[in-house]
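Structures are listed in the sections that come next.
Two complexes come next, and they have one chain in common, chain A, joined by chain B in the first and chain C in the second.
The block that comes next holds the complex of A and B.
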């Protein structure tokens, strides 16, 4: 317990000089590569398709990316701590179906619906966090279990029928005209703000830096006086809350009826974005900017394949290649570092 | 401290395992756990059990079929069991089929997610003395005794094409947003649409066919991409119940209602808002409850060695027009129903 002081000391006491020495560069190599690939793809698609680079195409693409990037922020935190959360799809489902039922049943204002969705997500995320932090079982087992549990909860609320006639209360997040201001989709703007805040937090806040320490070596972090367990609960709770907010975006971009397929597969899309963004699946390294770029890259590939008129299945091939390249680069880097 | 942590971990792990194990059977059939000998009699309708395994439980389509089946069970006097996987997964579906074989039901109906992998299971069921049949989706090269077909492949494909091209003015480019890439019935309809469009509407053209899975949001995004990449596109088809409202939503979001027309195979309740706003020009489907009823009726005929061709004994009006083709073993419900803003509200699924 006496060892508490030294760990956070460099960040606060010795000031900017040592901080600059510890921190990675503002933009990492992988982010630059991603940005480059993205720009090249957009230019190529702009040339080879009639309308990829028009507001009518880019706007909806950004709307589609927003929930993935948003949950990706939380998932980046989680993966930096060397954890994983495969229950976010089920969290979306529970949050979305409860919120949709409330919207249909009562004429609640949008703000209330959003708060409700976030609260449900945060609650489920906290359940994950508590089980992981204090149960000390690997997060993939815990969240795989809770994913099924949440799925059961969600299906109970669906009660074997779809939710029909959802009003346009949440159109603020939607794909339509009410969903953007001056051509910028609100949902994407929210995701950008979340990424910016998270970027600052991970880089300059003590609690943020702690996450890297936990992912690097949990025992060392504990010995250094970092309160590992509360941090973990918080990280999974935030991820759940963001999944709840994303559920509002998903309701808004969906049809007027909601069925049990809502959210399905989103956990893998989010993890793909995080991994492609350069966050190490081994923990201890990663950035939310990369996650945003990764999410953009995945959706660009999928939309690009459709707009080029190529067979849909090619989307899976390209996304798969991106993931393998990203993970491969990460492992090679890790090995080089160990050798050094 | 250490022990309690370990216990907590073990508890968490066993809870997780229990949930995983329970995951595929979210709802059990009531009180039908042990009846292995029930299949031997099978003569009278009183102790007859007919099981139906849908592709997916909990979506309005199959729930409506279940409602029809229950109605038939009440009227014709048999026990109707209904259980399906919570995702359209062939393996999870196979587990449920196995459990029904274990229980020894009299008649087993399946709407297979994967007809090829279902075929050997149906053989297994038949070897156990169970009458096997398919409904909604066929397993063509299997031992099934009858396939209860909702509408003929031609009927659906042509009705979809006619409804869309009537809205498009008989010409123009359109695209299809389908769902599962290997779904046999969807692919058969698409084939008819291609041939029928080519022969009847020479000025119309299908420019692309994409596959969104059973994912509404993906269908909407793909429809949006198709509209961007094909500026002259004036028509979209949503080939299944998740993509039908999905493509209409995309047209609405893009503010192009009245320029781009959509049709699809959507359930009436989910299509109603789009039919009313004009972003959908029509939904082609069949009376799903009647299909469920017809399935139950066919089960009774199979179990009692009755005549499937004698459809005059069908008590439900929506199913009384059914016809049986002995050569193909298909019991056909009738021509498809076209839902519009006027009649979609009359159905509660």
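The block that comes next holds the complex of A and C.
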């Protein structure tokens, strides 16, 4: 409102500066490379296995990608602050088994079940965050410890048997007809929305930009007046909450029973997606769009290997190569910068 | 902006007046009595040796520490600075030597980190843009750099960003702590341009530097500190580099006690040795039983000579003959095989295994001696060797099983030194051997070095500590800007050494060295 007054003369004199000249480029080189690789892979797979580029094949692929990309959003935040969270698989397990048991025991509405799952995840994530922010121990140690702790908790709830007879309350996230609208799986749509919001947050919000500052130089960030510890608690809390939401998707895409292996290995898939997406494991740099592309790439490689009828272990080989290339280019770039 | 007096000195109150400042830490008097008066729009140099109290004075002004005694007035009104936020509110901004910046953020973002203007949760770049452009212009950075990641800029440009960041909030006093230490000559010109422009705008600048020669090109006045006191304060034009150096050291006489030893065969010969970006054309001969000191200010290139001798870096050109071998040592382990040992300057990160016991830290470099068979480490031999050295070096510890991380700096340094002399080295390179070490331990380390030389080790001591180099070296090569500026005997006065290192044009001692009188 004050801008209508003629007062800020110097501002209008130089006010022609566009945001594009102030902010970093919208799309980074690494994201373009990833997108290119993804397109080439899809075209090649489309040529060699005609069934690949059909809704019947792409749909399930996107459903698989959704929980990885969703947790990947939180993990991207975590890794940007120069941290890591290896407890997300255990968080999924606890959240999934408690929610599944509640669904079996009582006829709760879907919304309530989802909120419960998210709340459990957020609680476990906050435990991580508090220990990391105030305990000042490296995040990998803390989350490694809590991963085992959460695992124990989950197994107690399982009580050495599978949870059977889960009703279809969460089918909104599932593979079936109830799980998609106009061919787009709801779970994937949710992941896309999460990525979009996080992209905006990391680029334009003060709290988001400050995450990069924390990861770049935590001490300087503190001196600059950023409240580092509350931000870290929040970041791990969000990651836990997203893992809780992902647990709902995993329940919905499974059969009507849940066994003790639920979630296992997911933490590595999530970290792989984030790292392949160009987020630096050293902290201070990264993007959620890259994480989404990374998750798509990992799943495409795994599904592609299956659809081509190749031995499934090749999937591990290719994903491993992708990770090494991504981390390698990051480290080479970092060293080149230090030398300069 | 505000009431900035333009140049005329007498008009109006001084920008800053600190009077009778005193500060002690426990029993140590960091500042006994300091007075400093800075006029508006001037560049005021603050000089003194390490430990003279200038950084404490700066900490008091910037609110990081509180004075025990004394008063501070800004623009004529008394102020109390209890915290860094108070100082900033009063317009006192500090640019520290180590830039507090974020390499992955853009230049523009670095300006505003922690102080962003927001609209809702979002950063309001349209509101920040005018101020951002103003800051870029003020420090002479191209406007196009705004969106560059800071990490892609040269060190000099990063420093300009640091200064701009300090100017984000209204600054009337800007403290620059050793801003030129890491810059090349051309980059220093840019820095000076920025400083002059700020002064012309009415900002008062307190400029701390060890490079005395450059002060004459940038400062209007100079305050000299020695042993916690301000010894003089006057227009810099009234002094020479030589006179400033003399006042800094107070004409202290060297306390070196040098009995002439017989020196043996040359152990290290350097001929026109150069390393791009570090040092050029260094020639020296070091004989068995001789201690040669390389003295220079931080960044003089002396440190890199030691690194090349120990194989940590590769010289670009020139001849290096060490322990009878003409090849440049390719790595520290190659240097070790020839009997060359080094105690690095940064012992916390390069020198010690802090969770390991003392005995481990002593013997880790000589495990070959410990075994009865190759690859086998005998705990008994480890005990014997480490106990022997703990006694010889008078390391204060109940036993060799204590972790080194729990020891005082002086004792830890002795342990690091002990590791290098398990076997009598032919050539020992010591970098800053007593930095951060208390006086008693310092004395003992010097005695150990003399003892080693007595037994025939050739010692190369690289140090920025003036008193130390005089005490232990037989000859001193003074480094300045990557070259050997002069060679002096240890009996040379501290003023001559400092003047040579800091870049005096005149080498004539002034008739009345030492004593100073206030010329206010």
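Just so it is clear, the second predicted complex is superposed on the first by the 317 of 340 C-alpha atoms of A that agree within 3 Å, B and C clash if a C-alpha of one lies under 4 Å from a C-alpha of the other, contacts with A are read in each partner's own complex, and residues count from 1 in each chain.
Quick note on the criterion: a contact is a pair of C-beta atoms (placed from the backbone, for glycine too) under 8 Å apart; a residue touches a chain by one contact, two chains touch by 3 or more.
Note that this is a predicted model, so its numbers are computed, not measured.
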Please name the chain, chain B or chain C, that touches the greater number of residues in chain A. B
When the two structures are overlaid on chain A, which partner does A:46 contact: first (chain B), second (chain C), both, or neither? neither
Under the stated touch criterion, which partner chain does A:209 make contact with: chain B (first), chain C (second), both, or neither? second
Please indicate which partner A:152 is in contact with in the superposed arrangement: first for chain B, second for chain C, both, or neither. first
Name the contact category of A:284: first (chain B only), second (chain C only), both, or neither. second
Contact residues on chain A for chain B in the complex? 49-52, 54, 56-57, 60-61, 64, 131, 134-137, 141-142, 144-146, 148-149, 151-152, 155, 158, 160-162, 164-165, 174-177, 250, 253-257, 259-262, 264-265, 302-303, 306-309, 312-313
Residues of chain C touching chain A in the complex: 100-106, 108-109, 113-116, 118, 121-123, 125-126, 128-130, 132-134, 143-144, 146-147, 149, 151-152
Under the stated contact criterion, what part of chain B meets chain A in this complex? 5, 8-9, 11-13, 15-17, 19-20, 22-23, 26-27, 57-60, 63, 86-87, 181, 207-208, 210-217, 220-222, 224-231, 242, 245-246, 248-250, 252-255, 269-270, 272-274
How about chain A: which of its residues touch chain C in the complex? 8, 10-11, 14-15, 17, 19-25, 201, 204-207, 209-210, 212-213, 215-217, 219-221, 223-226, 280, 284-285, 337
